[in-house]
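In the two assemblies presented below, chain A is common to both, partnered first by chain B and then by chain C.
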Partner chain A sequence: MIDSTVVDLSRLQFAITALYHFLFVPLTLGLVWLLAIMETVYVMTGREIWKRMTQFWGVLFGINFAMGVATGITMEFQFGTNWAYYAHYVGDIFGTPLAIEGLMAFFLESTFVGLFFFGWDRLSKVGHLVVTWLVALGSNLSALWILIANAWMQYPVGARFNFRTMRMEVESFTDVLFNPVAQAKFVHTVSAGYVVGAMFVLSISAWYLLRGRNVALAKRSLTVAASFGLASALSVVVLGDESGYTVSENQKMKLAAIEAMWHTEEPPAAFTIFGFPDVAERTTHLAVRIPYVMGLIGTHSIDRAMPGIEELVHEAEHRIDRGIAAYAALQKLRANPDDHDAALSFEANSDDLGYGLLLLRRVDDPTKATREDIAAAAASTIPNVPVLFWSFRLMVACGFYFIALFGAAFWLASRRQLGDHRWFLRLALYSLPLPWVASELGWIVAEYGRQPWAIEGILPTALGVSSVSRVQIATSLAGFVFFYTVLAIVDVALLRKYIKRGPDGLGLWRQKTGALPGAAAAAGDD
Partner chain B sequence: MANSNALSSAAPTASARPDWFRSRGGRRYGRDIAVLLVLKLVLLALLWALAVRPAPRADTSPAAVAHHLGGATGPVPAPEGGGP
Partner chain C sequence: MGAALHAFFDYPTLRAIWWLLMGVVLIGFAITDGFDLGAGALVRVLGRDDDERRTIIETFEPVWEGNQVWFILGGGAVFAAWPLLYAASFSGFYFAILLVLLALIVRPVALNFRNKHDDPRWKAAWDGLLAFSGVVPSLIFGVAIGNLFLGVPLRYDDTLRMTYEGGLVGLLRPFPLLVGLVSLAMLVVHGATWIALKADEVIAARARALAAKLAPLYALLYIGAGLWLLYGITGFRIDGRVVTDGPSNPLLKQASTGGTWLANSVLGTWACVAAAVAIVAALATPLLARRGAALAAFVTSSLMIAGTVLSAGFALFPFLMPSSLDPRMSLTVWDASSSQFTLGLMLAMTLLFLPIVIAYTSWVFHVMRGRVSLEHVRRTPSSY
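Right, the complex of A and B next:
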């Protein structure tokens, strides 16, 4: 029987690692485009201040990049140590985009990051600008390949199970590559990263303005961040809608859990903006509902129904029945690969083999499961409704707040009043953590909402775990926590040090005089 | 001054002075990044040595996976061809 503690510890370890890694990734994704924009303005105008802005934000980008790089590699350690069966079962598909990411995007990004820092006086202006754009392209390509792999876990297309090798194998890499979920996730995730980058620049620039330091750089930086941030925040919401639509098509239970939609509603379904989901009673207390909205978001129509949790559990029971048939056929095929009847039965039911495997948390042999076992396994397909319900709403609330904040910043910038409203600068400063909070909540909605599946409908999470002991997992978990805590302390200390020094303290720019040798005339202000 | 001119004529630069990343502040920044990377490499190596290397290598042969999924006992066919 599967050890639930080992499963939970393995999941916790992976979640901690992924959430930690994802503190750095979105800042890299977003900040690099701001560098590219600033340097483009420098090349187009020839004004030295834009070069210094690029270099200063590049200094902070470098710290974040150096920290973030390889914090994700520990997840690949874990595929080997804690998730060996997962790695075997789906590694043929999942491993390919990860390998391409390393070979193509990461090497591109890393090579040009080096040139970004050491090429300022070795490359022409345009040559260096091309390098900066290639860093941006590389980091975003990296996200694309990772999200292609992740999207396959949410919507496994282009592969089928091979009973001889006992694993999933690629049938169509094109289908894996052009998975609609991957496209929706990619644009939503990278635009969320752009918001993180924009908020980083906005908040730190606001801090300089509040202190009357580096005013010229801060105002320009804030203006760029406001424009880029507003466009990104609007994109996140629009593209998030597309991401939600793909969930309604492919992960109906996840969407029903996010909405705490316990029963199928008459179309178009209402959106519950607030409420307290009660899992035991399968109802939502004090629900505040907006008519039509959920139906429009989830189905892009007013006449298509969205199934509720009760109905989806009922459907899962039927799929488990078919999964049991597939499992029985698989056992016969394992014993005799030439068993024609077993092959036909497996072919007819193999799409639901994963549902049959859900029973392995309760019985050793799914073919001997009782109706109670089947009902319990079907109920286990419901993710944690309150966590998803609130994570999603907080994420969406953050998204709308970002639109308002960047909209206000854009308005003030366009009226040249950025330094006039200290309340706004304080608001911008204190908003700094929010995009990270929203990004992590988004990860929770996407990945925690996928439970109990490692691969949606194919492989239950519990079956992907290696045969390791609790002590081994607990020891490595402690190691990960120690490793990441030390790095986090060093990272925060370094970022604080360079932000506090600022462009003036670092000798990148001098306040008021614009007085870098040979740069005063070009500065044109301050 | 002569050195500065020589530098600027030797490479296509945006300004006549050496770049900030080659200044004292830039070199200190480079040292900070290098320390960070070395610290990370050491910690990663430690983590690998203490937590990853001793972990048992899971048997993921088809027979082992079949057993993992519920105790199939049949012969292990050669891994060739597609599914049924």
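Right, the complex of A and C next:
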């Protein structure tokens, strides 16, 4: 049987490294477009200040980009080091988008990012602008392919099990590519990244304005961030809704858990805005509910029902029964590939094989499972309701707050009153961590909400682990925690140093003019 | 798109093509990222003061990021085309892979952070990490390849779950360690050749002198490893009829140990040709560099890498990862791949995108052409 300590440690390590990686990725995704916009203005107007903006934010982008690249390699490696059975079981499908990501996107962004920094003097204005846009395109395409891979974990379309190779194999790559979950996730995730990028520029510019430093540069940056941020914040919420709709189609349990919807309700279901989900009692205490809203979000209709957790557990029991039949047929087929009856039985039940595999955490042979085992396995399909319930609500609250904040910034910017309201600048400054909080919560809702599945309905997470020892994982986990903590400290220290030094103190762009540092600072700003 | 190629090539052909493509990506990685790994290891060996060290770093700083994608692509391609090999090697070589990972995480950070704080100790620390991150992967890649020739302690149960009965220390056997040294020497020669091509003449001269010492050493180590392989190591072979178009399940064949790798491999002759190319190219490299043909020297140094990688691949063929516990469970080209459809699709994608990648990578190298002069480095702060 699978060692559950190994499973827990592997999951913890994956979660920590993924959440850490996801601190840097959204900022890269958003900031790169802001660089592209600023440089475009520079090329169109020829005004030096826009070039300096691009270069200043570019330095901060570079620090963050290095961390994103470094921690991203961990993710690709970890499927092999710690999730070897997962890699074998779904590599035929899951590996393809990762490889295409490398070929089509990561090469593009990484090859040109060097020229972004080193090419200012070697390329024409337009040539350098093209390079910046290619970096932006590459990093966003990279997100697309990663999310196509991730969407397949949430909604595994276009594949079937091959008993001769004991793994899932591609049937239709078109289905994998045009997975509706992938599209919703992509737009939602990159928009969230744009909000992170916009907030980064907004907050730091607000800090300069509060200090009265780099005023001209900070005001322009703030204006760009406000418009870009407002559009992105709106897009996150609208397309988050689209994402909710696609989730309701294929991950009913995840949605029911997010809503702490213990029982199926008469359509259209109410949305619980507040409450304390109680897992033991399967009820939500002190629930404050808004009628109709959930049904509208989840089904985009007023007459389609959304199943509750109890009903879904009941359904899971039936699927486990069919999964046991599929498992039994699979055993016969492996002993005798020409067994016609077994082939028919497997064909009829193979969609639920994954549910049969859920039993492997309790028994060595699913065909010998008792009703209690089956009931326990069915109950294990419920994710952690309170965590999902609260993560989702905090994320959504952040989302609406961003619309308000960027809306206010946009309004002030369009009335040219950005510098006049110190309370607003302080608010913008202190809001800096929030989009990161929202992004991490989004990851938790999507991935922790997928449990107990690695591949929804196909492969239980516990089965995906490598056959490595507890000591090996404990060592690597401790190593990651230590090493990542040191890196985080250095990263934040450098960002602070460069922000504090500011565009006026950096001196990157003075070399060519040959002007004295003081003269350049005086002439260039304010 | 993929469907067309999957219909056009039969399964054995696609597997053979993907085996070659894995070699292409590995060679692409070793040539491009190889020079910055090697040069990174030499920053403090060849650079006597901070300006000189920055000069060496600036020879590869604008391009290393793209170079490293060859490695990421290698990981992705092995995952997609050889999922069994990806799962077995990454989990089996657990700590070795994590050490490589540690090195690869340190690199981008070291390069970006090094010049952001003016303290000699800060810079020395990052330079040290840069050297570590150049030496360790070079060594480990060789050690891993060396272990493949001896077989690794892996076995499968009948659900194809792999267990690996060994650890990091088990990898450090004499023959693999020798191969590790071959790999390290090779990439350091390559790094020195790159510095000779791109750095200020003062530093380039030192790099040439170093390459002149290390290239013969590499050849010596490589020949030693080759002789050891010929006379001291038992090969693996597939018994009975070799099924090349069967399902990817390593439990369906018979295999055993016996004879030598070169005699067993149908590509044994090719392995010898590749080895000859590697040795001649290695010895030609310092000679060309001394005559001022720095670019030609870099080409022969690249040939040395291609020859070395190919000789190992040819000698192992058709084995990918032999099992020392039960030769029957070894992974081979014929039973460790993705489905025919996936191989066809991935081939279409590679044929479409790889030429584009090579085209724009060449353009970026062209933009960054010329030597990085000490004078330029003294005049300008770091661009990062």
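Going forward, the second predicted complex is superposed on the first by the 508 of 526 C-alpha atoms of A that agree within 3 Å, B and C clash if a C-alpha of one lies under 4 Å from a C-alpha of the other, contacts with A are read in each partner's own complex, and residues count from 1 in each chain.
The rule is short, and it goes like this: contacts are C-beta pairs under 8 Å (C-beta built on N, C-alpha and C of every residue); 3 or more make two chains touch, one makes a residue touch a chain.
Given the structure is predicted, the values throughout are model-derived calculations rather than measurements.
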### Query
So if we stack both complexes on chain A, do chain B and chain C clash, or do they fit?
clash
### Message
Looking at A:Ser301 after the superposition, I want to know if it touches chain B, chain C, both of them or none. Which is it: first, second, both, neither?
### Response
neither
#### Entry: Contacts of A:Phe118 with chain B and chain C, given as first, second, both or neither
both
### Message
Touch test for A:Thr81: chain B only (first), chain C only (second), both, or neither?
### Response
both
### Task
In the overlay, answer first, second, both or neither for which of chain B and chain C A:Ile63 touches.
both
### Task
Mind working out whether A:Gln417 is in touch with chain B, chain C, both or neither, as first, second, both or neither?
neither
### Message
One more residue to check, A:Ile100. First (chain B), second (chain C), both or neither?
### Response
second
### Contacts of A:Ser4 with chain B and chain C, given as first, second, both or neither
neither
### Message
Let me test your reading of the model: by the given contact rule, A:Asp365 touches which partner, first (chain B), second (chain C), both or neither?
### Response
first
#### Entry: chain B versus chain C as contact partner of A:Thr45, first or second or both or neither
neither
### Query
Where on chain A do the contacts from chain B and from chain C line up?
59, 62-63, 66-67, 70, 73-74, 77, 80-81, 84-85, 87-88, 117-118, 120, 122-123, 162, 164-167, 169, 334, 466-468, 472, 475-476, 479, 483, 487, 490, 494, 497-498, 507-508
### Contacting residues of chain A [partner chain B, same complex]
42, 48, 51-52, 55, 59, 62-63, 66-67, 70, 73-74, 77, 80-81, 84-85, 87-89, 117-118, 120-125, 127, 160-167, 169, 327, 330-331, 333-337, 342-344, 346-347, 350, 357, 360, 364-366, 463, 466-468, 472, 475-476, 479-480, 483, 486-487, 490-491, 494, 497-498, 506-508, 516-519
### Query
Hey, which residues of chain C end up touching chain A in the complex?
2, 61-66, 68-69, 72-73, 75-77, 79-81, 83-84, 86-91, 94-95, 97-98, 101-102, 104-109, 111-113, 116-117, 158-164, 167, 247-249, 338-339, 341-342, 345-346, 349-350, 353-354, 357, 360-361, 364, 367-368, 379-381, 383-384
### Summary
chain C partner, complex, touching residues on chain A are 59, 62-63, 65-67, 69-71, 73-74, 76-77, 79-82, 84-85, 87-88, 91-96, 98-104, 106-108, 110-115, 117-120, 122-123, 162, 164-167, 169-170, 173, 334, 466-468, 472, 475-476, 479, 483, 487, 490, 494, 497-498, 507-508, 511
#### Entry: chain B - residues contacting chain A, complex
7, 11-25, 29-30, 32-33, 36-37, 39-40, 43-44, 46-48, 50-52, 54-58, 60, 62, 65-66, 68-75, 77-84
